[in-house]
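Next come the structures, one after another.
Same chain, two partners: chain A is paired with chain B first, then with chain C.
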Partner chain A sequence: MIKLIIKRLLVAIPTLIVIIAFVFILMRLAPGGPFTNERALPPEIEKNIQAAYNLDKSIPEQFLIYVSNITKGDFGPSFKYKDFTVNELILSGFPVSLTLGLSSIIVALFLGVFLGTVAGIKRNTYFDHIIMSVSLIGICVPSFVLAPILSLFFGLYLGLLPISGWNNGNILNLILPITALSLPQIAVISRMMRASTIETLNSNFIKTARSKGLSQKIIIRKHVLRESILPIIDYLAPASAGLMTGSIIIEQIFGLPGIGRYFVVGALQRDYTLVSGVMILYATLLIILILFSDILRAFLDPRVKLK
Partner chain B sequence: MNFDLLDRERKEKILKSALSVRGRSLWSDARRRLFKNKAAVTGLIILSIILLFSLFGPLFLQYKFDQTNWDAIYQAPNLQNGHYFGTDGNGRDLLVRILYGGRLSLTIGVIATLVSVFIGVTYGTISGYLGGKIDIVMMRIVEILYAMPYLIFVIILMVVFGRNIYLLFIAIGAVEWLTMARIVRGQTISLKEKEFIETSKALGQSTFLIIVKHIIPNLAGPIIVYITLMVPAVIILESFLSFLGLGVQEPLTSWGVLISEGSRDMETAWWLLIFPGTFMVLTLASLNFIGDGLRDALDPKEY
Partner chain C sequence: MNEILKVTNLSVRFDTPEGLFSAVKNISFDINEGKCLGIVGESGSGKTQTFFSITGLLSNNGACDGSALFKGINLLGKDSKKISKLRGKEIGFIFQDPMTSLTPHMKIGNQMIEALIYHEKTGKREALKKAKDILSIVRMPRIENIMQKYPHELSGGMKQRVMIGISLMCNPSLIIADEPTTALDVTTQKDILNIFNELKLNKNITIALISHDIGVIAEVSDDIMVMNEGKLIEKGSCNQILKEPKKEYTKHLLSCIPEWLN
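After this line comes the complex of A and B, so read on.
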């Protein structure tokens, strides 16, 4: 187990460096810098600005300075939000995005696993057909179609829920964004869960458990669930990546002040430091999640430890 | 019944009828199973209708996709004046724009998918067929790339290199190939142990020809299934980018652009959101049905 964790961490470091280098090079290749204005600045001022942001040094030097600052936890000043550092911007947006993302993934996991298991056990009944048709809607209706329709219906026509704003994390403000963000994932997870439940139910060790005379409840809870949940754990990291990118749009539609919005604004305005800061944060989170799902997998599936 | 005892005429008859029976290949079996699947057939019909409409529909409509009319801003759907789906904020006919958007969204879906299939199949067969250290390194790279939030890469690419449709094809294709490469690699590894590959090797065929002539044709099944499931994913991705304002530019349009504009105006003009949304959802649903149907038809494992 410890070997596995160390191996994963060793892979994670080059991954992060590659990501940082990639973003760094791309942003430097882009035509037009953050200080390109319609009116040219006097050369001395431009020189001063460039010196202040280390833009006058050679590109390898800039890269080294940037990486060494990151290892100290400093993402540098934002190029566009003049009075803020990237750290401050991320810190102000992160709690919002984290709340949104974590609640969505929890909702998606619980509902998806529950609905998928039930559909798998009651295969080919009305209940199964209803769940599978609804999940198809979840797959085919992208969140950026669903979100406006939800806010139109519940917010404007019925007037039940607020359609935008953060309001200090008021639960009412969060219901619609979480629904829109988690529904596609609930759909995918419940379909995967249904398929793997059916497969597990047909396997020999379940037949053994049945012939031992165990009750259906115990078979499902102790044997079926443990085996059939494994594909879902592998799906955890892709699902989170999907939620991260999804949250960029959801934050925009519902006017939430999360980091997704900073990312889009930063990219459009060539705010190099802000974009790569957010990107590194996303990548780190994903790597941690993959590690977490690997550990969880090894914990649930004793066969993994043998490798 | 002893064959030798039959008279000549009957023998000939039997032989002839035996020759006229065509063997059922994997593909004809698969086709039969596919056409038995009601959901897949419905999907095929709906998709064909949308395709035909997008291609030929604009020829029969009286409005052009970029024709503005300041006297008809935000008109609700109306059967009398020819704006069957209403008009947008510039007085442009929504139906024509949806059809044009459909052309673009579907084209992007197909081309970007082909790009990624090309990369994925090449990468996967090479990695799987050569095996050994090359395989380990190539798959480690895929693993590392898996850990990256792709869409964010595409956003950066679009921002850096400008909003160019061709770049959009390549950018989407270039980030979607990972799963394809994995599937293809797995299949290649099991294929390369088969006798017919060993025969070709013994006959002295080059590695390149073995891959192109023997491995890739045998991968057709999984590749086709994956293509039908990937086109909808790419259409969503394009719409996602267009929604953020990073995709297709005016006066051209795609379903993503229309939905994005529609969601801004939905309080006053619901049709601008509902109609493009419906078209897109129907297309995605049909493609998913067809993909599921194909998977069941080509890999008849009972679920």
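After this line comes the complex of A and C, so read on.
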């Protein structure tokens, strides 16, 4: 198992290099640079700045320097946030983003699986119809529409919850962002889970379980759930990717000091190192998540062998 | 002779999008204790639904009426809780497709002892011991490791032996076998039918054997009942049906067996 994890992580290195190269090239393809101004700087000063950030070297040279710095764990200085390195910025924002992302995926997973299973068992009842219609809305309404509505309603009209700020991770401050971020995923997961539950309930081995005279509760818990949850495990990685991109907007709307805003600001201001740094972090997280969901899948389904 | 199951005026209907479909039309029959009743008919003749309905395994859109007395208890009465207690305990089931009839993520041992633990609150160790004994009755090869294996690691014949084992765990008095040999090759088929004969003789277990294959039915049955389009065509002893069939349909069915088999 440990061997497998190490192997998969080693395989991830080329993937990461390709991603780094891609971001590197895309950023430099964008017109302008980090030090482009309305008013041109005196050429000597500009030359000095360029030299300080290695921007005077050729692109392949810059790339090699950047990659070799990364292997030392140094993502370089931020071009725009003066006196900050990318490492410092990420370290300050990452706990916020991680808390938001992880809680959202956990909430989405539990609620989605629960609602989907119940809807599948009670299919074509009122409960099923309500869950499925609400989830359809959840899929159609993007989180950047949902977030302001939630803030308006719960924050301003009802005055129940704070509408912005991190407040050292106070749970009240997190409720609205987590809701806005996880609702679309709850919708998708519950629909998938419903379909999968219905399919499993119709399979022959459930007929066998019924023929044993077991109670409905035991049949669901021991025979249905572990089979019907498999598509959700496979969906875990794409769902997390969706959450990551969603969190960039949500962090802006709720004024959370996560890394999402660095990504947006960095891209707009051609902060090459900051964008690459955040990108590498996202990519690494995603690779780890895919690995995690593969391991979980093999753990739940004895027919899957890890190689 | 003691009748263990007495079915009278049983009808089964399905509520389909195309309207009500009548799958079983007003049939009556009984099975004597320790005997095997073979039910023959082409697919769609209602033979499976007859037995699913009296044991409460009908799909959600199905409904049935009539009466089915199992040891004097009406299975079609209102007390559905009682019936699910009989299911798996007094009445065992074997299904057609062994490849998909076992839960893929559960070890064979756990699947076998589940019903015993649920119905009789037996301890796990004791239940596993019983499962081993039963696997030797169904002549399972390599019994030692089988408990820790998953269904996908077993062959079709082995899976069907496990299914028979599961149906035997709580010492049932009736086993309903729905096309138990259809998915198996002939040598395994023969083996499974021999096991049925042994169960009948040694353990006095009553068997309802559902099949479209008269050859299979003739191998174990004492009585035969012929069904077509939800109706009971003819019933009688095995010899009478095979040698002197009274109804046209039965004669047709028998004429479908290749000559060289007789």
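One rule holds for everything that comes next: the second predicted complex is superposed on the first by the 295 of 307 C-alpha atoms of A that agree within 3 Å, B and C clash if a C-alpha of one lies under 4 Å from a C-alpha of the other, contacts with A are read in each partner's own complex, and residues count from 1 in each chain.
Note that a contact is a pair of C-beta atoms (placed from the backbone, for glycine too) under 8 Å apart; a residue touches a chain by one contact, two chains touch by 3 or more.
This one's a predicted model, so the numbers in the text were calculated from it and none came from an experiment.
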item	value
Room on chain A for both chain B and chain C (clash or fit)	fit
Touched partner set for A:Ser203, first chain B, second chain C, both or neither	second
Partner chain in contact with A:Leu150 - chain B first, chain C second, else both or neither	neither
Which of chain B and chain C A:Val264 touches, first, second, both or neither	first
Which superposed partner A:Leu89 touches (first chain B, second chain C, both, neither)	neither
First (chain B), second (chain C), both or neither touched by A:Asp301	second
Which of chain B and chain C A:Lys222 touches, first, second, both or neither	second
Chain A residues touched by each partner, larger count belonging to chain B or chain C	B
Which superposed partner A:Lys212 touches (first chain B, second chain C, both, neither)	second
Which superposed partner A:Ile232 touches (first chain B, second chain C, both, neither)	neither
Lowest C-alpha to C-alpha distance for chain C against chain B (Å)	11
Chain A contact footprint on chain C (complex, rising order)	55, 57, 84-89, 92-93, 95, 97, 100-106, 114-115, 118-119, 150, 152, 163, 166-167
Sites on chain B touched by chain A in the complex	140, 143-144, 146-153, 155-157, 159-162, 232, 236, 239-240, 243-245, 256, 259-260, 262-263, 266-267, 270, 273-274, 277, 280-281, 284-285, 288, 303
Contacting residues of chain A [partner chain B, same complex]	11-12, 14-15, 18-19, 22-23, 26-27, 29-31, 136, 139-142, 144-145, 147-149, 152, 156, 195, 198-199, 237-238, 241, 244-245, 248-249, 252-253, 263-264, 267-268, 270, 275, 279, 282-283, 286-287, 290
Chain A to chain C touching residues, read off their complex	203-205, 207-215, 218, 222-223, 226-227, 300-303
